[in-house]
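Shared between the two complexes below is subunit A, which pairs with subunit B and subunit C, respectively.
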Partner chain A sequence: MTGMVRFVLSEMKPRGKMWTPFNIISVPIMLLGVGILYVRFTEGLGAVTNLSQEFPWGFWIGFDVVTGVAFAGGAYIITFVVYVMRVDKYHAIVRATVLNGLLAYVFYAGALVLDLGRPWNIINPIIGNSFGYNSVLFLVAWHFLLYMLAEAVEFSPVFAEWLGMWRFRRIMNGLTLGAVIFGITLSTLHQSGLGALFLLAKAKIHPLWYSEFIPILFFASSIFAGLSMIIIEGTISDRVFNDREEQGAHDEIVFGLAKGAAISMFVYYFFKTLIFVHEHHWALITDGWGAWYLFEVLGLVLVPCAMFAHGVRHRRLGIIRIAAVLALLGIVANRLNISVIAFNWRAAVHYYPSWQEIVVTMMVISAEIWVFRWVVTRMPVFDTPGQRSAAT
Partner chain B sequence: METYTYVNIFETKGLEYLLLLSFLVLFVLLVRYLRGDYRDKF
Partner chain C sequence: MDRKTFLQTTGAALLSIAGGKAEASPRESTTEFCGVLTDTTRCIGCRACERACAVAHGHAVPDIETDEALETERTPTDKQWTVVNRYDTDAGAVYVKKQCLHCWQPACAAACLTNAMEKTRKGPVVWNSDKCMGCRFCMVSCPFDIPKFEYDEWNPSIQKCNMCWERLERGEQPACVAACPTDALMFGRKRELMEVARVRIYNHPDRYVHHIYGEHEVGGTGWLYLAAVPFEQIGFRTDLGTTPYPEYTRDFLYTVPVALFGLPALLYGLNQLTERSSEPGDEATS
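Up next, the complex of A and B:
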């Protein structure tokens, strides 16, 4: 036991170069963010945010939670493809994707605590303090918690390998398929549940973005958001940890992910078009809101969809990576439009995030990347299945 | 005697049916394009 404690303590020591561009940028951001959070928790939300009674949900909910959870959608898709559909090609990225999903939920859903006026009440939906069993927020709160546990179970074999706990690893490996199926079920419901939160706000959301099908749109878009995030995250990991991965196999994985992204974006685009026609929104696209909507749907959905398809057909990785960035920007635009930009669109004074809100969001992202980097440089996250069997 | 009545596809959801059918055709073409057999067939 003391040997394990000594090992864990030795793993806590920093590794690699200290003065990297990421460290130089992220450390001041995180220090400033901690200072802002101190003011937020001592003086209240009003001291550091531009939130008001008119705009109770701002950048922290719109970006950190609503957008961040969509970006984390890659974990449930890849685990479904690998463990349920048995497509072994993607096995090499399943651990990194699950880790990314787990950390995204811990940090982005965890950012909810920052935004609650009374953060200590966050436990209420879990202990069932008779607050709205029928509410969507109740479902989302429980799903976030259960999904984090499911992802922790999925990732636990890596943790066990790191500590050399082979018996524990065998037990947790046996639970993986159950955790994956449970996780997929939860994901389909809470990805759409996040959209369902906005069904209550029909009178407040611009009609171009409001639809009774928001839950379906949120779920459909989480598929290509997750796939695009894996492509970008995989590209960065490939450059930073390139000695650990096989280049050719990685390229094939990216082409496969891009194919999935193209198909899911096409389906999503069809849903958007059908809803647009069904709701007779032709007259709404003549003003600035209409132009912004068309930019989102055509420029950040249809264009990246075509780029993904072209990139797959002609095997152009560069085009696929640009398409993934555009697709992610499209998700950011869509989620922020619904939750912030086109929310209360008739209000005389509109909400804009304060610089403190943006710094805290950057702090959350930086902290997640620090933890991700710490884990992948110590635990066998990028090892291939062959290397894992050799280790046992 | 019956008179000819103009059917407005915007009101009868005809446009939505057309959209659905065109989507199905385009979806098949997209999948074939992604699989790489589009150029061989067309």
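Up next, the complex of A and C:
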């Protein structure tokens, strides 16, 4: 036991170069963020944010939580493909994807706490003294929590390998399929549930973005959001953490992901068009809001969808990566439109984030990357699963 | 068995199956939601209600000696639960008191994940500080933009009209109603208020538009309005529809338990279908 403690302590020590560009940028941001949060928790949200009575939800909810959770959708898709459908091709990226999903939920859904006016009451909907069953947010909150647990179980074999706890690893391995199935179910419900929150804002969201089908749209778009995120993360991980896999196999994975993204994006686009035509929105696209809507749906959905398809067909990784970036921008645009930009669109004074809100968001992202980096440089995340256990 | 006895026995059987529901219904029918009828044709814009509200709830008392505040259209704030606005219309100046409408099926209460926002049995929609976690989903969902948040407090509250819930408990009227010198405000059960409102329209068909705002809006509200001019001219939204707000998320919430049990079954089935050979649990162990 003391051996393990000494091992963990030795692992805590920083490794690698200190003065990397990322460190130089992220450390001041995080320090500044801590200062801003101090002001936020002593003087109130108004001291650091541009939130107002007309705009109760701003960048922290619209970007960190609503967009961040869509980006984290990759974990439930890949675990579905690998564990439920048993497609071995994607086994190599399961661990990194699950780790990303877990950390994304901890940090981005966790950022919700920064936005809560009375965060110490966050236990109320959990411990049972006040269950608001009829609230979609109650559902989303519980699903966030349970999904984090499911992802922790999915990731725990890696953790066990790191510490050499082979019995624990065997037990947790036995729970993997259950956790995966539970996790996919929860993801389906809370990805759509995040959209369902905005069903209650019917009077406020611009009709081009409001639809009774928001939950389905949120779920459908979380599929290609997650896939695009894996493509981008894979690209970055390759460069930063050195590729430990065979390049050819990795390319095949990217082509497969891009194919999935192209198909799911087309379904999403088709659905968007159907809603548009069905609701007779033609008259709404003549003004600035209409142009912005068309830019989102054509420029940031249809175009990247076509690029994904083209990239897969002609085996062009470059085009696929650009398509992934555009697709993610489309998700940012869509989620921010519904939660912030086209929200209360009639308001005379519109909300825009303060610099402090942006710094805190960057702090959250930086912190997540720090933890991700710490984990992947120590735990067997990028190893082809099975390698280590075969060695022991 | 003739038709009557058949119906009686079936009815009794059904009631006993319904159990708790049948027990609860007579008690519910005895409590009727209360509300306030605002007759804007009687309001003279004296703002005595604003002052009474501030006094009753310990807010900063507004200066009502001058009419400066009426120059701009205001909304209730976190420090003032009710405001009176002046609208210059074809029918001259119209004064409209604005505050929480105490919906029959409030969006804010449906939104609240801790039940901090609560529709009480008497009718007021009230906020409970012990439960609220400050997520502001009530503000997002309220079609009338009524709940306000204290952005300048480390321990912020949601602020909105509570129909003087504490005064109602003592058998008194809401402070604004008690303070109104022209009887523009009338407190009572909604059923009675609707009768009064209809009688006024019936007796003076040319003085009122033939619409009672709040009768059907968002499923009906506790606070009702009569006016001489169309409501969209005096700051009301008339595009909110008559569907109670909780209905908008009901379908989604109903599908949740189905998905919660159906999806795992489907996923496990898929998993078993795709098993190629008989190596039990091998796939998951890597």
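One rule holds for everything that comes next: the second predicted complex is superposed on the first by the 387 of 392 C-alpha atoms of A that agree within 3 Å, B and C clash if a C-alpha of one lies under 4 Å from a C-alpha of the other, contacts with A are read in each partner's own complex, and residues count from 1 in each chain.
We adopt the following convention: contacts are C-beta pairs under 8 Å (C-beta built on N, C-alpha and C of every residue); 3 or more make two chains touch, one makes a residue touch a chain.
These numbers come from a predicted model, not from an experiment.
K.L.:
So, A:R313: does it touch subunit B (first), subunit C (second), both, or neither?
P.N.:
A:R313 contacts subunit B only, not subunit C.
K.L.:
Look at A:L274 in the shared chain and tell me whether it touches subunit B only, subunit C only, both, or neither; answer first, second, both or neither.
P.N.:
The first partner, subunit B, only.
K.L.:
Tell me the contact category for A:P28 with respect to subunit B and subunit C: first, second, both or neither.
P.N.:
neither
K.L.:
So in the superposed three-chain picture, is A:G164 touching just subunit B, just subunit C, both, or none of them (first/second/both/neither)?
P.N.:
A:G164 sits against neither subunit B nor subunit C.
K.L.:
Tell me which of subunit B and subunit C touches more residues of subunit A.
P.N.:
C
K.L.:
Does subunit B (first) or subunit C (second) touch A:I184, or do both, or does neither?
P.N.:
After superposing on A, A:I184 lies in contact with subunit C but is clear of subunit B.
K.L.:
Looking at A:A201, would you say it contacts subunit B, subunit C, both, or neither? Reply first, second, both or neither.
P.N.:
A:A201 contacts subunit C only, not subunit B.
K.L.:
Please name which positions on subunit A make contact with subunit C in the complex.
P.N.:
So the residues of subunit A in touch with subunit C come to 41-47, 49, 51-54, 56-57, 80, 83-86, 91, 112, 115-119, 121-122, 124-125, 129-132, 134-139, 141, 170, 173-174, 176-177, 181-182, 184-185, 188-189, 192-193, 196-204, 212, 215, 343, 385-386, 389.
K.L.:
Which of the residues in subunit B come into contact with subunit A in the complex?
P.N.:
My answer: residues 10, 13, 15-16, 19-20, 23, 26-27, 30-31, 33-34, 36, 38.
K.L.:
Give every residue of subunit A touching subunit B within the complex, in rising order.
P.N.:
259, 262-263, 266-267, 270, 273-274, 277-278, 280, 309, 312-313
K.L.:
With touch defined as at the start, can you tell me which subunit C residues reach subunit A in the complex?
P.N.:
75, 77-78, 107, 110-116, 130-137, 139-141, 143, 145, 148-156, 237, 239-240, 245-246, 248-249, 252-253, 256, 259-260, 263-264, 267-268, 270-271, 274-276, 281, 283-286
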